[in-house]
Amino acid sequence: MPLSLQQVSEHSNDKSCWVIIKNKVYDVTEFLSEHPGGAKIILKYAGRDATSAYEPIHPPDALDKNLSPEKHLGDLDNDSVVELQVSRGNRQKSADEERMERAQATKPSINRILNLFEMEDVAKSVISNKAWAYYSSASDEEITRVENARAFSRFFFNARVMRAVGDCDPTTTVLGYKSAIPVFVSGAALAKLGHPLGEANITKGAGLSNIIQMVSSNASLSYAQIAASRVRPSQPLFFQLYKHKDDKTAEARIREAEQLGYNAIFLTVDAIVPGNRERDVRAGWDQEDVENVAEQGQEKTGADLPKKRDDMEELERDVDVKGTAGALIANDDTNMTWKKTIPWLRSKTKLPIVIKGIQCVDDAVLAAEAGCDGILISNHGGRQLEYSMPSMEVLYRLRRQHPEVFAKMEVYIDGGARRGSDVLKALCLGATAVGMGRPFLYAQSAYGAAGVVKIIRILQREIVMGMQLLGARTVKDLVPEMVERVDWQPISAKL
Amino acid sequence: MPLSLQQVSEHSNDKSCWVIIKNKVYDVTEFLSEHPGGAKIILKYAGRDATSAYEPIHPPDALDKNLSPEKHLGDLDNDSVVELQVSRGNRQKSADEERMERAQATKPSINRILNLFEMEDVAKSVISNKAWAYYSSASDEEITRVENARAFSRFFFNARVMRAVGDCDPTTTVLGYKSAIPVFVSGAALAKLGHPLGEANITKGAGLSNIIQMVSSNASLSYAQIAASRVRPSQPLFFQLYKHKDDKTAEARIREAEQLGYNAIFLTVDAIVPGNRERDVRAGWDQEDVENVAEQGQEKTGADLPKKRDDMEELERDVDVKGTAGALIANDDTNMTWKKTIPWLRSKTKLPIVIKGIQCVDDAVLAAEAGCDGILISNHGGRQLEYSMPSMEVLYRLRRQHPEVFAKMEVYIDGGARRGSDVLKALCLGATAVGMGRPFLYAQSAYGAAGVVKIIRILQREIVMGMQLLGARTVKDLVPEMVERVDWQPISAKL
Amino acid sequence: MPLSLQQVSEHSNDKSCWVIIKNKVYDVTEFLSEHPGGAKIILKYAGRDATSAYEPIHPPDALDKNLSPEKHLGDLDNDSVVELQVSRGNRQKSADEERMERAQATKPSINRILNLFEMEDVAKSVISNKAWAYYSSASDEEITRVENARAFSRFFFNARVMRAVGDCDPTTTVLGYKSAIPVFVSGAALAKLGHPLGEANITKGAGLSNIIQMVSSNASLSYAQIAASRVRPSQPLFFQLYKHKDDKTAEARIREAEQLGYNAIFLTVDAIVPGNRERDVRAGWDQEDVENVAEQGQEKTGADLPKKRDDMEELERDVDVKGTAGALIANDDTNMTWKKTIPWLRSKTKLPIVIKGIQCVDDAVLAAEAGCDGILISNHGGRQLEYSMPSMEVLYRLRRQHPEVFAKMEVYIDGGARRGSDVLKALCLGATAVGMGRPFLYAQSAYGAAGVVKIIRILQREIVMGMQLLGARTVKDLVPEMVERVDWQPISAKL
Amino acid sequence: MPLSLQQVSEHSNDKSCWVIIKNKVYDVTEFLSEHPGGAKIILKYAGRDATSAYEPIHPPDALDKNLSPEKHLGDLDNDSVVELQVSRGNRQKSADEERMERAQATKPSINRILNLFEMEDVAKSVISNKAWAYYSSASDEEITRVENARAFSRFFFNARVMRAVGDCDPTTTVLGYKSAIPVFVSGAALAKLGHPLGEANITKGAGLSNIIQMVSSNASLSYAQIAASRVRPSQPLFFQLYKHKDDKTAEARIREAEQLGYNAIFLTVDAIVPGNRERDVRAGWDQEDVENVAEQGQEKTGADLPKKRDDMEELERDVDVKGTAGALIANDDTNMTWKKTIPWLRSKTKLPIVIKGIQCVDDAVLAAEAGCDGILISNHGGRQLEYSMPSMEVLYRLRRQHPEVFAKMEVYIDGGARRGSDVLKALCLGATAVGMGRPFLYAQSAYGAAGVVKIIRILQREIVMGMQLLGARTVKDLVPEMVERVDWQPISAKL
């Protein structure tokens, strides 16, 4: 029998906690303690509709995977559905929502976007402050995020002239799969925060443009939905595995990816605990404050607080800051080792294995020795360990200290690349391809799948032009002698 | 029989496209597909007067060279000529045109210009936004343009004192031709964008001041007009060759240059495909928008667009961005090689051959081996390959790694030099002369031929003063020991 | 017999100078010439109440230690006490005091403080300008203060992955005493300037959080008061000794520290004469000007000065600038030597001896040879010798040039560390622990003892997260290979 | 017979040119072509009073030295003197003069000046724009001026502790003459531009403080006046010789200096031709424009110029830019050599000879070989050759490459030093003393002789404090090991 808003509202605390999601009612009382994001955020919606908070950051199968069937209490009754709709309609838009609507209506024609920085600007203008904070933030002072990009600017070209490059070919293969340009989508979570179609935009855009997408374990669509978004069955997809601390759960996740036709496993090792993304944390607090004001009809400013509060007592009410990242990986394995984890993974899958998150030369060598099929040199876009060596610098050191590694396995890098010239520099030093994460999140946020196609076109134009001006007809012609690390720091407009 | 505006207006689409240029009517229907700048820009003027858009960027012989005589349909009739004049007179000036007029009326006396930076400031104030964008823009983030200039600032002098320099002589020879100072005009296109007399201003100013001009293949005057602007028959001129992909066409161009008395061929190898000059592209769009508003009596802002446009469909209407540069070199040879092209060129001309656009040490060595008479180390002012090594840094590496090259052929550099001290640094390292491009475009834009004379005077004063304070009486006294590359980056006001 | 305000007011010059402090009357006539801060500042309060100026910068036992009993003239009479109270109540608050009150009332909840920089911001907002100037100022252009922090930013991590770090342990020992994290409180004077409870806040917070405090000789509480603030008798405290030029006085100070249970002596050698802290000096002048205005009912601006003053005469009235620092160490020993001072100190105490203020490699070696138990590499937070090598750079050089030193004694550094990552970098290079001074002054100024606990919690979170992402389970796993000094300067938001 | 204003006014062109200076009339017709500053500036005052323009930049004996007695036509008559006075009184003050008066009345008490930068700020506020431009300007982009100062900031101290420095002694000797601190006044011209008493302020201040002044050939007081300003007969003075191209004239100048008791000759070799000081030139033009407006009652803006002027014709009216510097050294010897000039100078004087203006290591070696008594490493404060190596960098290279030079002769440097720490760095590297020029011009401009005394006191305090914190009791204890050139660029507030 359908349930009413009134009935649901009687279960509004940690003793009995019901919530409404998409007009269905769920009993989450027992789940409270298991929720990776903590009980507090659920209890905020206890006894009422939680759809708007739930939907953008959970894949649709999350409820089925985490809640046993008997906790699915049933549908909301029709009157309640209508009442919810009306109350949503009456709700006043926040200042942030109004800004987003204005920006959406006046954003430039997609054909006027000249480069990835301009695409980012459009994205920033049309997405919520919270989404921007989650996408763009990085650890501490965000030095690693910035340095990832600056590292490219210290490499200049020794361009060759008088070479026949009229028939320039920028294609390559990644783990045997053809790619239109030496660029792939690096796993980046929660695409729905920026656009209602979420990761499917990226899958579609990548398929139409013939590049490969690595899909995050923490995608906001289910792995099945993403697989179903492919533009043709043969479109390759790579799976970014955040290994669950429980091997069985981890294995089930791998099994699911295999069955859906994913083509490789990228084991993520640079995010075993959450990084310190302060802008993300603060964005959460800001939104809380706005909602509190809206609900209570008044702003709770410092001036209204008791003047003589006891800071030590208040400190006791403190809870650890987590941010979005913390919730996503709360159950990940923090005790992986080369000796234990790689053999285990090999025993569970025949797919190629790539280690995602190598941050120094020595670990690159260990990965080759462990027989991995590839490594992705990455510091998670500067979102994890602040002052991790920029990816391009690690690649440069690896080329100089252990050139033999490039013959044993494929090497990719991500972090900070935004121009065709960045990609070419990495290829000159031996990288097979360059991953980009945020740029694809921004592109789909700004223009959906068309945005994704657009930035791939831009990169393709930049890469072909760059190869021709460098004197390279194919990616094989890109060699270490063509780049030189300089001893000064250019003034870059990219940062 | 003369044609009327009415008649012309009946041919306003790609099936039959007539345009009026300087009161003459041309049928360009068949030429549409051959136009290096694309059909779109011509169709904008289909059936009407195109003079104002055509004139500043085409040499006067462009129509004769590209359109067979039967497409020259004849003159406009008198009534139509008058009508066009009246409508031009009635046309309201754009904000940009009004700014230019004000600036022209209040610009400083030429005698108050102290250095090349101030000359640039005046030029910027008196030319159109579009001209400024074309002249000043460079690739991507314009890092190479900026770094070209910054590179000079890392070289300091070890000045010598107590040397007899009272009778200082800054003259030199370039390919055997006398030059008042070790500076020449580096090829730079489309001078008419900045001043109605165009390249002739430079030719006249260079002749009066006894320095040498290298003339671009893409000049906005014909090669003959430029040759005719010489202040005396013996005034030397160098020819910058953009080699056409068709050898016959290229040969014809060389032949014409020879017959007009040009004294050397500078084969351009750093611009076989157009660079990514985003400010130039955007300036074109901006002007389009302004014209659309003017024609339609209203601004087509984002707000007027259908809110729910389909970005993917819109993307399909996208055309590749080109900018002015793209149009100019659309038919150039992208398959030149040392083995094929140099012998071919030698077989076609007895003039000295200089390779313009060497960007690394190895290619400098190859040019010497190929028996070239000289090289111009250049990255096209940062307008082509972003992150190409700054010219001054290439020169520095060449001096250290292959000093023997300087004995085999003459070496020039261009890119970023703006002060006498910049010129002296390059000469200390072995350069015979330093090319400057934009400074001459700016000087003629600001004050015509007088501006050109003025900056040569300024450079002469700076060079003589610098030589005396360095302890050098002649250019032979400028030696590598006099410059030292330092390991810090000065704060430069030049950038 | 109690004394009246009228009686006191009759002793208002250097012939007979009485002052009131906390309703007691003192004859300081003979003390004028001995006052480390100079006679001038006392004479300003001659014949009246000096409590507000005296209290925040003197420990309570200062009067007993420095003034013989017969100069303690007795209590103020009741009427006078009341009169003083009334006049204090009537006094108008200064602009600075009003700003502080507003900031105190509206400061953020302590649970919203994310990092040490934000804590500093709150502190700056709630303390007086004078306190801020004393705490934050450094020598000359404050380059050393800034460079201390920037030095950390040139060290990047070579992070290791695939290591079992789930059970991460950040504890360590310092001179045998357990510490929850490898951080201790570095001696910093005059905590009462920022908070009425002063150093006791730090003692309590450190005790609650299990880290160790080094207590300054110049604390604004007495050593006994601080010892009494410990949260348990076994809480370790280190004693920062500013050695008095008179050995007997110095010995008495050591004896007192021992009797109070302090656990080590940190002999301060980087502040034998006061540094040139211009902001501190200027803050004193600014306050003087404000007080002069308040007393005289008008501002004494330049415009009111005689126009034709004689600058040479005025110069004669000049007195040497001192600032707060000068007064505190006026009687310190400027002739300490390795040969004389260390054996003397060893003969006076059995406590471990640490040299605080080592600023170069050679002195670190000398300290080890002298048999010290440890060194604290420190330039006094940039408050003493401008252009002293940043502590982190000294540590780096010591590790490369004399790694054997780390086996002979414990090595600490202070200066500029603000993040867990800074601490980890120092530990990788061999430091046992990192001292922080200003951060604890700011924390207690902002939120009392709770602020101190809060920043230790923040540091603990950052250190554990950093260790896990670096691949270190315990502090022993932090090794030199994990950090690399890079040849570029990151853009840091910390400065 | 006294002359009237009317009579004088009849000689107002280049055929007959009379001017009034300090109520005396001179016929300068024949002198016009000899005037180092050009005829134009004199003709501006032809037939009228020139005192205000003449006085601040000429020593009082300039007329006697340059004009034969018969050109001294006699006194102005009494009525004319009164009329001149009245007209001066009626003259409206310029905006710049009003600013200066206000600044003079409200400048801070001299006792509030904390460092040399603040002294400079006061000077800038109280002197004319023209004086500021002359004093502060340097060549081209003023990079060398800025880099002189920045060079010091790349040297950090390895400070030594535990040394007996209680009895610190900062005195030294320069060419055998005692100096209170290792600092001397480097020659700087035209002190009267900043203060009516001019160089005498510096002589008096230096004498009172026991440091040595080097007096410029281009001082605005006569050498005799300066000698007469000594506070005691034994006060040493050094003579900065700008060698006249005519040896006899040069010798006469040396003879005069010897007779006046000057104690050494500093032969200036870094300013044989004037540098390109654009701010100085522009300041002259600005003043001209202001005066033209004042005289003509209207501003001559660009808008009033004929719209269609011919830039080429106007260019012909151009005269070479000179600035103040050009005029001062127009007749100097540009053909000095080691072989010719040093023996000549030795033959003319027994005074010690110091070469002022050494800019590289090789010339320092040559000076030692030539038997000079010392060298002053100097690039003229960045006012001559732009991109001359900063003095501190030359000293550093000299110490590393030719340490033996320091044993053969004394080595001084000037350029950019403003703090005691700068002086100490130079002394550690082997300099005997450090010269400062602009700081003394600023100090005397701001407060006359008292200002000079004040900055010497400041420097003394900074030097003593620095020596004690460095571990040096005397200047002999300052050794190369105490400074280290670092590979990063501190952010300096000095620039």
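Read from first to last, the chains carry the letters A, B, C and D; within each, the first residue is number 1.
As a convention for this text, a contact is a pair of C-beta atoms (placed from the backbone, for glycine too) under 8 Å apart; a residue touches a chain by one contact, two chains touch by 3 or more.
Just so we're clear, the structure is a prediction, and the values are computed from it rather than from any experiment.
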Per the touch definition, the chains contacting both subunit C and subunit D are none
Field rot_deg for pair subunit A/subunit B, CA superposition, rounded to the nearest 5 degrees, holds 90
Given over half shared residue numbers means same and under half means different, the subunit A/subunit C interface is different
Rounded to the nearest Å, the gap between Cα centres of subunit A and subunit C is 45
Note: subunit C sits from subunit B at a C-alpha centroid distance in Å of 63
Residue numbers in subunit C touching two or more further chains are 487, 489
The chain pairs that touch are A-B, A-C, B-D, C-D
Note: in the complex, subunit C contacts subunit A through residues 105-112, 114-115, 153, 155-166, 419, 421, 425, 447-451, 453-454, 457, 461-462, 465-466, 468-470, 481, 484, 486-494
In the complex, the residues of subunit C that touch subunit D are 140-143, 146-147, 150, 154, 269-270, 272-276, 278, 281-282, 285, 301-303, 305, 307, 310-312, 314-315, 317-321, 334-338, 341, 355, 357-363, 366, 379, 384-390, 393, 487, 489, 495
